[in-house]
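Once you've had a glance at the structure underneath, I'll fire off some questions.
When the chains are written out, they are named A, B and C in that same order, and each has its own residue count from 1.
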Amino acid sequence: MEKDQYKGWLYLLPAALFLAAFLVYPLVDVFVYSMEEGYNFASQKSYGTGLYNFSYVLHDPYFLQAVKNTFVMVVITVPLSTGIALLISVGLCSIEPLRKLFQTVYFLPYVTNTLAVGLVFMVLFKKTAYSDGLINMLINFFGGESVDFIDGPHAAKMFVMCLYIIWVVMPFKILLLTSAISSVDPNYYNAARVDGTPPFRIFYKITLPMISPTLFYLIITGFIGAFKEYSNAVALFGTDLNSAGMNTIVGYVYDMLYGDSGGYPSYASAAAIILFTIVLTITYLNLTVSKKHTYY
Amino acid sequence: MKVVLEELTKKFPNRNKKAGGEVVAVDHFCFEVPDGELVGLLGPSGCGKSTALFMICGLQKPTEGRIFFGDKDVTDLPPEERGVGIVFQNYALYPHLNVLKNITFPLENLKGEDKLTKEQMREKAYEAAKLVQIEELMERKPSELSGGQQQRVAIARALVKRPKVLLLDEPLSNLDARLRLQTREEIRRIQQETGITTIFVTHDQEEAMSITDRIVVMKDGRVHQIGKPQDVYDDPVDLFVAKFLGTPPINIFESRVSSGKLLIGDEEVLDVKGVKDGDYTAGIRPEGFILDEKGALSCDLNRVEVMGRDVSVVSENDACSGRTLRSIIQAENKVDLSKKKVRFNLKKNKVFIFDSDGQRVRIG
Amino acid sequence: MKQTASKPHNTSAIIRKAITYTGLAVWALMVLFPFYWMLLTSVKSYSEYNSEYVPKFYASSPTVQNFLDAFSTVPLGRYLVNTLVFTLITTAVMLIVVTLSAYGFARLSFPGKDLVFTLFLALMMIPNELVVITNFVTITDLHMRNSFAGLILPSVTSVFYIYLLKESFAQVPDALYFAAKVDGTSDLKYLWKVMIPICRPTLITVGILKVIECWNSYIWPRLITDDQAYFLVSNGIQEIRENGFGRENIPAMMAAVVVISVPLLVLFLCFREKIMAGVSRGGTKG
C-alpha cells in the first residue's frame, strides 16, 4: 500500500484542475486585467500597462455613487441585523413552548430565492397609478404621506433596501446565535442565580462574553457580505441599478463586465480589486477589535 | 503454517522534523513461530509489537528483513495474498453493515476461481459465526452488540477466509475485567479448535502468560526474550524482562557481591559463588521469600494483606527500590504483627542478579 | 413574608415572558407576511387586484388563472426545467469531485499532502467576485455561453465542502481501512462500500446545501446566459419582471414567484433539522 502513494494525487486531480482553472488562474488574471490600459474585449488588445483603470474607476461618478450606497447599506444593516438577531435569539432561548416553531419560521428566508421574494417586497412598497401599495396604506392610516419607495426619493429606496437585506440575512444570524447561546453551560447560570445575580447582569456578564466569538464571527462575515451586496438590489430595483441610483460596488463590477454598459473587463477588475482592498481593510480592523474583546 | 521472521526491521522518519533522523520501531526481529502455536508479542506500549504485527499482515512494508509463511517469502505480497486474518483492538467492525454482512465482507473481494456465490458466502459466514457462537446475532448492527459480542464478530470476520495465520492486536484491552478472562479462554479454545497459527499482541503480561504457547518480550523495538511463558518467568535474561513479568511485580534491591556472598544492606542474604565482587541489582520474586525468625534479610513490617490461600506481607527495607517490598507466603505461616521487624530467608531460584547494564548474571 | 416577597418577582417574570413572546411573534409575522402576501396576490384575479386601491387581506374569488398564465405566457416551465437540470447535474458532479478529493486528503497518504491541503484551504479566502471576471472571459472564449456546460463547470468544486467532508471522513477509524486492506479491498471500493455509507449524513447535508445554492444562483447564470432558452429561475423572474406578460401583471408575477419558491420550501420542511445543522456548521449568507 505504500508503493502506490501517488494514487492519492489521482483522487485530487479533478478538484485541483477545476480549482486551478476557475479560481487560481482567474485570481492572477484579474490583476493583469486591472493593469491593462484600454483593453478591448473584441480585439483582445490593450495599449499599455499602468494604473489608469483604477484612476478611471475612482473618477467615475457611478462608481462613487455605488461606493456611497454600499457604505450606507453596510453601516445600517450590519449593526441592526446583528443587534435584532441577538435580541431575538436571547428571547428564543428563554422560552420553551413554540420555540421550534419560531425557529423554523425564522429560517424560511434562508431557503427562498431572494430574487423572487424581492418582488414581493417591491409589490408591498411600490406606489402605482392605481394603488399606493400596502405599506403606504399603513403610513396613511397613521397620518403620514404616501412615499414611492421603489421609484421615489433615494432615502426611501435605501430604507426598503436595508429592510430587505436585514430580512434576508437574519436567519443565518439567528441560527448561529441561538446555537451559541444554548450551548453555554447551564451551570454558569445556576451559579449566578445562586449568587442572586439579576437577569440583565447574567446576560451582560455571562452570556455575552461566552458567545462573543460567534458574535464577532457574525459581525465579520456580516461586513463582508454587506460589502458584496448586489442581487438583493436587483431584486428590488431591477437590473438597471445605475439609473435607479441604487447601484452597489459589486453591481458596478458586473455592469462594467456585461450588459448594456459592459465590455470593460479592465475597469471591472480595477473596481473589484478596490472593493477587496476595502473589505480586507475592514476585516483586518474587525479582527483587531475582536481580539481585544473576545474573552477566549 | 509456520511463520518465520528474518532480521525484520522497520524504521520511520522522525516525527519531530527538526530532530531529524529515524525512529527504529522494530529492530532486527528474528523469530520462528511453529505451526499451530499461539504466540504472544508482549511489551509496553510503543515497543514495536503492533508494528511487527502490521508487517506480518502486510499493512506495513519492512525496511529490512524477510517474512516467510511456511517456505514462501511473503515480504512483498499485499495483505490479501498472504492469507491472514486480523482482529483489531477496537474490532473495526463496519458500523453500517449488520453482523452477517460484516463477516461476508472479506469474501466479496475474492476474484476469479475463488469467487463465491451469495449462498456460499452465507454458508461460510454461518460456519465462522458458529465457531464463535454468535449465530443468533447475524441481523444486528455492531452498535446493538456488547463489547464481547463485537469481539466475537471481529474474530469470525478474521476467520471466515480460513486464513493461514490469525493476528490479534490487543484483542482484550477494550473489554471489562470479567469479560476479559472469559474471552481469553474463548480465544484459546477457538485457536485450538482451528489449529491456526496465531500471533497475539498485548501489553498485559498476565494475559500473555495465561493463554500463549510462547511469548516474545519486546521493548523499544528490540526483542529481549523468547520462550515458553513459565520459562521466561523463571529465567529472565535481563532486568527489564524480570520486571515486566509477574504480578505482584518482582522486588528490586540495590545490592553488592563480596567474596561470594550477596549483600543487601549489610546483611549477607545468599551464597553466590563465582560472581565477581561489585555492585549489582538484585530482583527477588514475591514468592521467593521464606518467613524465618532467624532469616538473613530483615525488614520493617508494614502490614499483612490476607488473600485467602496466600498472605501478602508488605514490609520496608532501605535497599529496596521504592522502599516497600511485597512477599507472598502461604497462609499457614503466621505473621506476628506485634513485632516491628520481620525476617526472611530467600529461595535461590527466585533471586536474580543483574549487572549495571541490566544483564542477568548467573549464579554459579 | 416569603409569599409577599416572591410575588412581585412572579409578576415581573410574567411580564417579561409576555414581552418576549410579543417580540418573537412580531418578527415571525414580519418573516411570514411576504409569503402570505405572495400567496394571496397569486390567487387574486388580474382585475380584482387592480381594482383594489386599498389592498384586501383576502381574495374574494380565488383563481388559478395566474398560475396558468405564468406557465403559458412566459416560459416559466422552461426556466424550472433548466434550473432543475442545472441543480441536479452541478450537485451530482460536485459531490463526486468533492468526495474524491476529500477521500484523498483523509484516507490516503502521499508526499506533499499537508502542503496541498493548506493550499486548498487558502483558496477558501478567494472571493467569487474577483474571479468571476476572468471566468466570464474564459467561458466566452470557449464558446460555452448559453450552454449547460458553461453554467455548471465553474461551480462543481467547493473547497469548503471538501474540508467539511474530509473532517467527516477523518473520523472513520483507521482500523476499518486496515481491516478492509487485509481483505484485499481496493481504495475505491473501500470509499464506496464503507466511507460513503458511514458518512452519508454529511454527504446529504452537503448535497442539500449545494441544491439550495444552485436553485438560488443568480449572478453567474446572468453573466453567462442571454438566451432565454437557458435562463434559470432567478434570471427568469427578472425577465418576467422587466418584459413578461406584455403588461404589468402583478398577480401572475406573484404566481411565478410562488412556483419558484415552493420547491425549496418543501425541501426545507422535509430536511429541516439537516439543513439547519448543516448551515450552522458552515453555510454563509448575508
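Here are some notes:
The rule is short, and it goes like this: contacts are C-beta pairs under 8 Å (C-beta built on N, C-alpha and C of every residue); 3 or more make two chains touch, one makes a residue touch a chain.
The shown structure was predicted, so the numbers you read here are calculated from the model rather than taken from an experiment.
When the C-beta pairs in contact are tallied for A-C and for B-C, the bigger tally goes to A-C. Farthest from chain B, judged by the mean position of CA atoms in each chain, is A. Note: centroid distance chain A to chain B, computed from Cα atoms, is 63 Å. Centre-to-centre, using mean CA coordinates, chain A is 16 Å away from chain C. Chain B and chain C have Cα centroids separated by 57 Å. Residues of chain C in contact with at least two other chains: 181. Counting partner chains per residue, chain B has residues 59, 78 touching two or more of them. For chain A, the set of residues that touch two or more other chains comprises 1. By the touch rule above, chain C contacts chain A in their complex via residues 16-17, 20-21, 23-24, 27-28, 30-32, 34-35, 37-38, 41, 50-55, 96-98, 100-101, 103-105, 108-111, 113, 116, 120, 123, 126-127, 129-138, 153-154, 156-157, 159, 162, 181, 187, 212, 215-216, 218-219, 222-223, 233-234, 237-238, 241-242, 248, 250, 253-254, 256-257, 260-261, 264-265, 267-268, 272, 275-276, 279-280, 283-286. Across the complex, chain B is touched by residues 173, 175-176, 178-185, 189, 193-194, 197-198, 200 of chain C.
Looking at the complex, you find that chain A touches chain C at residues 1, 5-12, 14-16, 18-19, 21-27, 29-30, 33, 41, 81, 84, 87-88, 91-92, 94-95, 98, 102-117, 119-121, 123-124, 128, 130-134, 137, 165, 167-173, 175-176, 179, 199, 221-222, 225-226, 228, 230-231, 234, 238-239, 250, 253-254, 257-258, 265, 268-269, 272-273, 275-276, 279. Remark: chain B residues 54, 57-59, 78-81, 84-86, 88-92, 94-97, 105-106, 109, 157, 161 touch chain C in the complex.
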